[in-house]
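The next part holds the structures, each set out as structure tokens.
Two complexes are shown next, each including chain A; its partner changes from chain B in the first to chain C in the second.
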Partner chain A sequence: MSKELSLILTLLSPVIGGLIYGFERIVRARMQNRQGPPLLQPFYDFLKLMDKRSIMIHSFHAFMGIMYLVGTWFSLYVLLSGGDILIAIFFHVLSLAFLVVGGFSVRSPYSVVGAMRELIHMLAYEPIFVLTAAGLYLVTGTFQVSELLKTDTVPILSLPLVFIAFILSLPAVLKKSPFDIAEAHQEIIGGPEIEYSGKFYEAVYTAKWIEYIYAFFFVFLFAGSNYLLGAILVVLSFFIVNLIDNSTARVTFRQMVSFHWYILIPLVVINLMLLALWRA
Partner chain B sequence: MEQAVTLLIILPWILALAVFLSPNHRLRQVLTFLSLPILTYLAYMVWSSDLPYFIETPHWVELGITVFDYFLLGYFLYQGFKFRSFLVSVLAIAQIFLLTWVLLILPHSITPSIYVDRLTAFMYLIVATVGSIICIYATKYMEQENVERENRFVAILLWFLGVMNFAVSVNNLEWFFALFETTTLASYILIRFRWDEISIKNAIRALWMNQVGGIAILIGILFAVKYYSVYNFTDILKINAAAISMIPLGFLSISALVKGAQMPFHKWLLGAMVAPTPVSAILHSATMVKIAPYLILRISPVIKGTLLAKLLITTTGFVFVAAGLLALTQDNFKRILAYSTISLLGLMMLTASMGSSIAVLASLLLILFHAVAKALLFLEAGIMEKVFHVKYIEQMRRLIEKAPITVFFIALGFMSMTLVPYGIFIAKWITLEEASKFLSHGAYIASIIFITIGGVILALLYFKVIGVISRKRGEFVSFKPEKLPFLYMITTGAYVLFTIIGSLFIAHLSSDFINLIVKDISGEFANVKASGLTLITPVSQLYGWQIVGAIILLMVVPIFAYFVHFKADKVYEYTCGENIPLNIGTYNFFCVSKIEPFIETTAVALFVLTLVLGGGLV
Partner chain C sequence: MNLKKYRTKSPWILHYNTGSCNGCDVEILACLAPKYDIERFGILNRGNPKQSDILLVTGPVTKRARERLIRLYMEMPEPKVVVAVGVCACTGGVFRGMYNVENGVDKFIPVDVYVPGCAARPENIIDGVVRALEILEKKKKDLQLTRKCTGTEELEYLLGKQLNRRKIVAEGTRRCYESRRD
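Our next item is the complex of A and B:
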């Protein structure tokens, strides 16, 4: 990907992410046999939020919400500009750190509990992301996204179990059921986002759209230079994630962590071991 | 050159004596302050001279060290009787017996006993800068605690620096044993410093645990003499790695694991928390525990790729995760730091035992940046204790309102241990990339899992603490930095500056400076290059704009956060209309303590496996 294209894509990512989010709401509604909101609904929400009276707890908290947006955007740019996958993953941790510190900085029980759960989310899915990166390296011989998109091999053929594990960890990344414990509306009323409103909530909201692109870009990488296959994989995983979201109920954080650690990580490891065996 | 090395060893002892004898507090401060420029200059002299370098020592030094050994062990025995500690006495007797045996069979060797290479000079530099700054800080700290015993305290700290310098420059394993046990003595005296019941108890525990490490070294020497007929590091490194018996190296690794407070021997380092804070700072950052990765780095070219190395990777990787998990259950700030040291020491030894040039580079980066970050955090812990009178996380609530600068430094210290682009993160990153190359062996896959899981657990831990201290009631009306004593500001400020600048120029630091050490250890340069701020590794690149971007995000943001004021209406927190008292604790993860027995059992099992299978005792 050329520098200009990656820059343009990164700048447009909130729009693309918003469209994906709008599309997702329609898909989910159809799965539940409802009509659903129009495609542009997220942008209507956006405009409405911009227009709201801006209220906040204190500036530090609001500022951290904005930094969450900037950090996520930055990590997406690292990915799109052809940087190192591991670096992108750790930049994403950095952006989450802002959200978490923001969540902690107010004296609201919901926000604090939500921030803590956000960290536990990270505990669950982070190893799978890094192991996925290691798996992609094992197949393609590079950690650079720019090189990965040019490689002749199709990583998913050698990494089917890694791919399955990665897809199953997406609900935790995107805070979807059954792993939406960080912002469980029925229990903690939105978690770390609860105290944001108006423009400041807007920042957090947009960051979530960008996170969509960030997560699905990894799925795209599984196809290597075969962009068509990549697009198919993204669409497929998008439907699977939404199907899981619609058909499951929330679990506890212990179940989430043990699912990731005891089922998904071994799945990845088995794939890597078999691959190493195959090579040797 | 020879004089510089001798001075590096002797001068701290002389300064210590001068500080001990000087009657006046100011004079003591000046004397302590002298150690920083002098030791740094000497260490730099050694670094810039033609290395590696052997130094012949006169015969009487050897004799002197043997006599000193017996005095030391006799003292341990006396302490064992005095405090009625069965373990200390028995271990001291065993050591005396083994030492006599070693001395009887030790063949004559023409290899000089002092060997100074880049690794040694690197340790000198850390001891000289990080260590001396802690000593300077200690003069101020003791001013607020107990001036009468200040001379004693600071003198021991300074003396400890000399001992450490000596320990990293010996080539002869028997001398290494002597110095290893001298650091044990130093830590024993320092932990006991307050002379209350719990201090003595913990000091005794530290003593016997480290004695176990000493015994492992002695047995290692016995086997080394039996199998290779040599007992110098340089001679052992010359032996063909394929033909070598691993038993002596297995025992040496065990002693490193004990000194590095790896589980199940972690209790002594935790016990050290009862001592005054500068003790913890110096033990954790510049001296003592750093012997552990140093020792593994010394033998890493020989053990690279062997079963011993793989078992060491598994053991230390396990400790990296387990110590992080146990740290989550802690409430005492210093104990959290202690557990995270144990955890990161595991990571240092993991990378050191991988042994490839890039892994060695990662290990050295970890040693350097961990020394600075831990020194910074412990000094902050001391400041909080003395200025704000808080020791527990629960007491640190809303500290940001009272002490913005301290909170900023603590947050920086914590972030420098987990996040992009700080040195420790970069070491972790290149280790992950390096380990990905060897996925054919389970130990390397395990190491990736351990590094990532341990990494996020530590992130969880640090953000838990940052979260508690950054919670606040309302807006910053005006920025009021707290008034800290000048010496506190200047010492911690130095570490903060180094962390930021060192991480910014990490590419040049590792390719021009650390790489020279890698060459001396593993015989070849690590394949990393710098172009501008960009760090280029064999498989990937960390671009300069990423480093700068991350530093701006991390540095400017917290500073901005004090000054940015949005125009918006202020409201109180939304609590669903419930009228609850707003006094929120933090997660304490008691659920983790349930698995503590399991963790200890596994740690013991891994220790035994490392020794028996890795060392090839079967």
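Our next item is the complex of A and C:
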């Protein structure tokens, strides 16, 4: 991808992410046999939040909310501009760390509990992200996204188990049921983002849309240079994630971590070991 | 850009039960469920005062709940509207005059829309919320002065140019404790 194109795509990513989010709300509503909000609903929310009075708890807390947006946006830029996958992952971790620090910096118990659960989330799914990057490296011999998009091998053919594990860890990344423990809306009402309001909540809200693109771009990478297959995979995983979201209830954090560590990570590791054996 | 009209397109609800018999709460939940589906108007049940625009109150205000009610109202950023759902929230209903309830929500916080009925029908609740949206669009973004409200002295401190929110909340709770008779 050329420099200009990647820059434009990155700047447009909130718009694209908002559309994806709006579409997702419709899909979710249709799965529940409802009408659902209009497609542009996330932007209405966005504009309304701009119009609300923002109550700042303290400036550091608000700053961390904005840094969460900046960090996520930057990690997406690293991916789109053809940079290193690992650097993108680390920037994503860093941006989540900002959110966690912001959550810990206020005295609201909901916020603190949410921040702790966010850390558990990271503990659960980040290894899978890193191992996925390692798997892509084993197949294509590079960590650079620009090289990955040009390889003649199709990574998903040699990494089927990694792909399955990655899809099953997507609900945790996007904070969806059954792994929505960090922002459990029914008990801790949004977790680390509970104390944000007005413009600062808007930053956190937008960062979530960008996270959608970030997560689905990884799915796209599994198809290598075959862009059509990549698009199919993205759409498929989108529907699978929503189906799982609609048909499950929340599990406890122990179950989440053990599911990731005892089922998904072994799946990934088995795939990588078989790959190495087959190569040798 | 006129942002005011977007207020009506994505109202977020905070639902608080001040001691209702649960009849009205169930009706509100019925509004959110597939049959009436108010999400198609962009209405979400946030449960978070910091991010909501509409406060739906059900039930008579019990003496235990009134501090929380005032606090929740104070924590909502402007513009905001209050909808009293059910006769209990409007006047006290069947609980009117009992020793442990204050009659009606409007004794403590200014109410914009009253939705009658025991229990209020989902159609009426949706109607009330839509009425509230019209009021929401007219409200200003700055700190709202309270409108007419039965216990006027209770909230008069808002008129005294106290724009510091923490002070207002502290003052509100202090007054609430002061007027405690039980």
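The rule we apply is simple: the second predicted complex is superposed on the first by the 280 of 280 C-alpha atoms of A that agree within 3 Å, B and C clash if a C-alpha of one lies under 4 Å from a C-alpha of the other, contacts with A are read in each partner's own complex, and residues count from 1 in each chain.
FYI, a residue touches a chain if its C-beta (ideal position, glycine included) is under 8 Å from a C-beta of that chain, and two chains touch if they have at least 3 such contacts.
Predicted model only: the values in this text are computed from it and were never measured.
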Original post:
A:163 contacts which: chain B (first), chain C (second), both, neither?
Top reply: neither
Subject >> Which superposed partner A:123 touches (first chain B, second chain C, both, neither) >> reply: first
**OP:** May I ask you to decide whether A:253 touches chain B, chain C, both, or neither, giving the answer as first, second, both or neither?
**Re:** neither
**OP:** Give one of first, second, both or neither to describe whether A:196 is in contact with chain B, with chain C, with both, or with none.
**Re:** second
**OP:** Please work out whether A:62 is in contact with chain B alone, chain C alone, both, or neither, and reply first, second, both or neither.
**Re:** first
**OP:** Considering only touches as defined above, state whether A:218 meets chain B (first), chain C (second), both or neither.
**Re:** neither
**OP:** Examine A:78 and indicate which partner it touches, taking first as chain B and second as chain C; both and neither are also allowed.
**Re:** first
Original post:
Is A:45 touching the first partner chain B, the second partner chain C, both, or neither of them?
Top reply: second
Original post:
Between chain B (first) and chain C (second), which does A:238 come into contact with in this model arrangement: first, second, both, or neither?
Top reply: neither
Subject >> In the superposition, chain B vs chain C on chain A residues touched >> reply: B
Subject >> Those residues of chain A which chain B touches in one complex and chain C touches in the other >> reply: 53-55, 189, 194-195, 198
**OP:** Using the touch rule from the top, collect the residues of chain B that touch chain A in their complex.
**Re:** 415, 418-420, 425, 429, 432-433, 435-436, 439-440, 442, 445, 448-449, 451-453, 455-457, 459-460, 463-464, 466-468, 470-476, 539-543, 546, 549-550, 553-554, 557, 560-562, 564-576, 580, 582-584, 586-587, 591
**OP:** Please name which positions on chain A make contact with chain C in the complex.
**Re:** 25, 29, 32-38, 41, 44-45, 47-55, 185-186, 189-190, 194-198, 201
Original post:
Inside the complex, what are the residues of chain C that reach chain A?
Top reply: 1, 3-4, 6-7, 9-12, 34, 37, 39-42, 46-48, 50-51, 53, 75, 77-79, 141-143, 165
Original post:
Which of the residues in chain A come into contact with chain B in the complex?
Top reply: 53-60, 62-64, 67, 70-71, 74, 78, 83-84, 86-87, 90-91, 93-94, 97-98, 100-101, 103-112, 115-116, 119-120, 122-123, 126-127, 130-131, 133-134, 137-138, 141-144, 189, 194-195, 198-200, 254, 261, 265, 269, 272-273, 275-277, 279-280
